[in-house]
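Each in structure tokens, the structures are laid out below.
One chain, chain A, appears in both complexes that follow, with chain B as partner in the first and chain C in the second.
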Partner chain A sequence: MEMNNMNMSSQQDSAKSPSGLKILWRELVRDKLALVSLILLILIIVFVYGVSFIMDEKEIVKVDLFAIHEPPSEEFILGTDYGGRDVFGQLIIGTRNSLSIGFIVTLLSGMIGITFGLIAGFFGGHIDNVLMRILDFFQVLPFIMLVIVFVSIVPNYTILAFSLIFTAFSWMGIARLIRSKALQEKELDYVQASRTLGTSNFKIIFREVMPNISSLIIVTLTLNLASNIGLESGLSFLGFGFPESTPSLGTLLSYATNPQTLEHRWWIWVPAAVMILVLMLAVRNVGEALRRATDARQRRG
Partner chain B sequence: MAILEVEDLKIYFPIKAGIFNRTVDHIKAVDGVSFAIEEGKTYGLVGESGSGKTTTGRGIIGLEHITAGSVKFNGKDITNKKKKTKAISRDIQMIFQDPYSSLNPRKRVRDIIAEPLRNYENLTKQEEKKRVQELLELVGLSPESILKYPHEFSGGQRQRIGIARAIALKPKLIIADEPVSALDVSVQAQVLNFMQDIQKELGLTYLFISHDLGIVKHMCDDIAIMYKGRYVEQGTKEEIFNHPQHIYTKRLVSAIPDIDPSNREKLFQFRQEVQEEYDESYNEYFDSEGLAYSLKPISETHLVALPEKG
Partner chain C sequence: MWKFIVRRLIITFPQLIVLSIIIFLMAQAMPGDALTGLVDPNIDRAAIEEQREKLGLNDPWHIKYVDWISGIFQGDLGQSFRYKMEVTELVEQRMINTFWLSVATLIFTYIIAVPLGIISGRYNDTLLDSSITGYTYIGFATPLFIFALVMLWIFGYQLQWFPTGGSVAPGTEPGTIDYVMSKINHLLLPALSIALIQTVSTVQYLRSEIVDTKQRDFVITARAKGASESRVYNRHILRNSLLPIAAFFGYEITMLITGTIFVEQIFSFPGMGQLFIESVLQRDFSVVNAVVLLFGAAAILGALISDIILSVVDPRIRIK
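Then we have the complex of A and B:
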């Protein structure tokens, strides 16, 4: 009996509910650019995480004075930098770090922003007012400066610490967006009905309202991911990101500030630049396709 | 004893203006409404759009803030939301006007109907499923449809799901806010008859909010006519339909369509007479702001908003 039920519900699942997923898939197939982006993205992610798993980070960041500025060769696929370190290894581990930071920041800031926005929008009135003023406060803080101060104070920071400090300053946009949607949603009859049926506010917020704005949430998070991937590179480029002992795309890029490197040693900075460009564009293309899929008027498929 | 007593209910919405968002005035959506419903009866609340009938219903169930007045359920004061015990909120349920927006589009029928059960009763998965299937059968839907989503149903079927949800806890009072106005006429009759059936079966009391006099005549024992937040006339069905006293009620009653074509001329003339009377005596029946006067009893059950004479 139980088995039977399970079967039935899973059948129903595949037949009915993923109409949303199906629309998405159609949109992706129709938009070739997004499809290629998605495949490329998956390939890069799998490759980067797979290869970095078998790589020895210590070995890569070890300075080797006999192999300074080597051009691409059999031994070093992408040559070496001014410390004789393998650029290819740095590229892979740097990409992994950027991706990890992007994912963690997106997820954490998403969680905080969604909760904050839903609560502010759902309750409205004074609660909304107080919460939005707190949000305004966070928004006027000079983000880059605070991160730089943090980075100079904390001597040895990790990917997680880096992500947390970014999260603290990047949840406001999502919160605003979700709030505005929650304000609309809470006026609908099904929310009122849940109230008269004795459902607690907490349950209404997360079980009734949130599923109904899930498409907006998915799209926003995807588009945010694109910008969050570039966060770390930007700071490392300025010299406030990871130290040189931690490979980073931004560090590789910053070598290009040396005119000699910029002109004659392209293998140090071009791969990193291309990687950042490709990653951000790919995520954005997928995100745009998702966004179109959620709006029937903009759909292509 | 009356199951629901409403005393001088006032629901005002503030109008905010200026830089400091101060309250400059109020919209008096409901302005001094009193009534009582006997157990097992159907009480009809009739009025044009914006007359405050829906707000009255939502105020009683606690969806609007009550500015003044009191609401008593079985003798217990439930005006303040905090005073409302779980048992009382369980006994008052609501059927919503719009069957399209009142069901969460992301939930299956099973979860929609089981929502009140999960909040008030501790049932096992199997018991809950059985109850949901029983309820679906009761409202005339196939028990197999528990795994469907609301969008797979027609308007009438959706409204039945809404009704099933409202009666799931076997409440004593159901506030039906224009339960059929979004449905087409053939389905209206189905849903209304069904509501009467379950009323007999479960001993329900209805507060029936509608703007359709024909439906009210069909459903209700007592009727109140509302206009601009105030009562215009209140009485039994016979009194309102056969001896309307207030000019506004007369006009409403005369507007009920008659399907017999041989009456067409007569009815047309009658309506014209009523319209003339309405135009002539408008100032007599409404005060300077166009609001109804307070109610004066003209018989034991019949109350009419007539101006003070002399």
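Then we have the complex of A and C:
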């Protein structure tokens, strides 16, 4: 009841209806869990990128045979791994790499997915039908397997190649969501009006429809960021993500496939596991709050 | 309804064909072919070349593709470079293990999902419901491989309730009760790890479905007739909510495949997923292709089964 009252009064305060982005921001601030998550995320990002800027990456990935498997101590805050490398340093760099690849893949797959979805939804009919069958096919394939196979047959394996392969098999969810929204949007008056005025389809799609569904796009990309971070660390865990010289959070976890490490040397893999969980939960909290904001029925304030 | 099934089948065949072409092209991009690793390096180059010509390894790609496809229909998936045996034979052993792992996982998934979903939907917005929702929220964000590692660490190493690897205790005779029990014992922890994570989306779906159905007119009618609360739930609401869940099992196959790849690796369980990772690492590409083909076909057929069951259960889908 109190919620409703607050809702009413806040709506009366703002005479003109608030823009989509403003609603997103307001919902985010109202939801304490999401706000704390967002602050935590920003702190982690600033800390990780800041520290890795100062830290010498070469020094950290250098093998030191005199310091193998050392437990946490004064010198090594989180101990060392089987190559005598500082786990804390690897955790920082790993988090940075995982976050970076998460951002890159989310952005790239977002671009492909949004374009694909907008075109399918906007034109409808046969174009939509053909595009959706292609999408169905991609979506039913076992994602992890194809990425692994492609990663293993690419000759010059780089981070760029990895993100491109990853993107090629992860744009479908976004495309499907955007398409269903675009289908609704194209029936609205402003699109019809624009058409009558002779605006080109390209312009209507990207200058008019896309800004109108921007809040949905932001929400989808945020939720995708969380799952991409998880998938990347999963692939690195299996050994098909980054090469070992560029550690990711998954690389640290993959040391735990050695039973000795899993059982007795928790400092190598537990921090990375906790870090992945914290990142995924925090991004998801923010994403869920944003999602509630886009759906007026679920809005909290 | 038949119209829908036929139309759905018409979509499935191109999917299978495109899948096979993708895998074939992947195989072409991989280093080595059917002869590499089989021939003695001392044999004359010209003789090898002659042999290649005879085996059709120098043909254009579409002829090779037809050869390859017809081989598959005769059950010929090629030779494993590492194990020096027929891929068909190798895959068969592993497939049985993965099959039972999947069955156990599916059973656990539904055993967990149905009661939790029903409780959560029936008593929504209670403490019990919020704890179940909390579990699904966290479960959704937890990557499977981390969860499986933690399960292995806690129940395998710390508490030692379950074996930590393999699919059967060494030294047990096949066919005895001990053998079966040991197999089941080795299955439990990996299956439970996948199920506890995979089940969360089903729980969420069942919950929202029940919460939705609860307010429908026919439920109110049933209550007005004087049907007891348990009858309303068991006879009226569940019949409407459970069927879509049952139909989802085909879609779960794609998730199961991802699950088995990670979990078999973590629990060193000798199944298809582990075979796949091993073969990729060892560059044993004929095995890789066979596994991708089988898993891909399984995923496509799973989606087909689910769509058909759903169309039977929910007539609204057929209209499109």
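Throughout what follows, the second predicted complex is superposed on the first by the 273 of 301 C-alpha atoms of A that agree within 3 Å, B and C clash if a C-alpha of one lies under 4 Å from a C-alpha of the other, contacts with A are read in each partner's own complex, and residues count from 1 in each chain.
Here is the rule we go by: a residue touches a chain if its C-beta (ideal position, glycine included) is under 8 Å from a C-beta of that chain, and two chains touch if they have at least 3 such contacts.
Just so it is clear, the structure is predicted and the values come from calculations on it, not from any experiment.
*Asks:* Residues of chain A touched by chain B versus by chain C: which partner has the larger set?
*Replies:* More residues of chain A are touched by C.
*Asks:* Let me test your reading of the model: by the given contact rule, A:Met280 touches which partner, first (chain B), second (chain C), both or neither?
*Replies:* Touch partner of A:Met280: chain C, not chain B.
*Asks:* Can A:Ala226 be said to touch chain B (first), chain C (second), both, or neither?
*Replies:* second
*Asks:* Classify the contacts of A:Leu21 with the two partner chains as first (chain B alone), second (chain C alone), both, or neither.
*Replies:* Neither partner.
*Asks:* Let me test your reading of the model: by the given contact rule, A:Ile127 touches which partner, first (chain B), second (chain C), both or neither?
*Replies:* So A:Ile127 meets neither chain B nor chain C here.
*Asks:* When the two structures are overlaid on chain A, which partner does A:Phe137 contact: first (chain B), second (chain C), both, or neither?
*Replies:* second
*Asks:* With both complexes overlaid on chain A, does A:Gly239 touch chain B (first), chain C (second), both or neither?
*Replies:* A:Gly239: touches chain C, not chain B.
*Asks:* Could you look at A:Ile42 and tell me whether it touches chain B, chain C, both or neither (first, second, both, neither)?
*Replies:* neither
*Asks:* Quick one: is A:Leu160 in contact with chain B, with chain C, with both, or with neither? Answer first, second, both or neither.
*Replies:* The answer is neither, since A:Leu160 touches no partner chain.
*Asks:* Name the residues of chain A shared by its contacts with chain B and its contacts with chain C.
*Replies:* none
*Asks:* Touching residues of chain A toward chain C in the complex: what are they?
*Replies:* 133, 136-137, 140-146, 148-150, 152-153, 226, 230-231, 233-234, 237-240, 253, 256-257, 259, 262-263, 269, 273, 276-277, 280-281, 284
*Asks:* Under the stated contact criterion, what part of chain C meets chain A in this complex?
*Replies:* Chain C reaches chain A through residues 11, 15, 18-19, 26, 29-30, 138, 140-146, 149-150, 152-153, 157, 164-165, 254, 257-258, 261-262, 265-266, 276-277, 280-281, 283, 288, 291-292, 295-296, 299-300, 303.
*Asks:* Per the contact definition, I'd like the list of chain B residues that touch chain A in the complex.
*Replies:* 58, 61-63, 86, 89-90, 92-94, 96-98, 101-107, 115-116, 119-120, 147-149, 152, 162, 165
*Asks:* Okay, in this complex, where on chain A does chain B touch?
*Replies:* 8-9, 12, 16-17, 188-190, 192-200, 208, 211-212, 214
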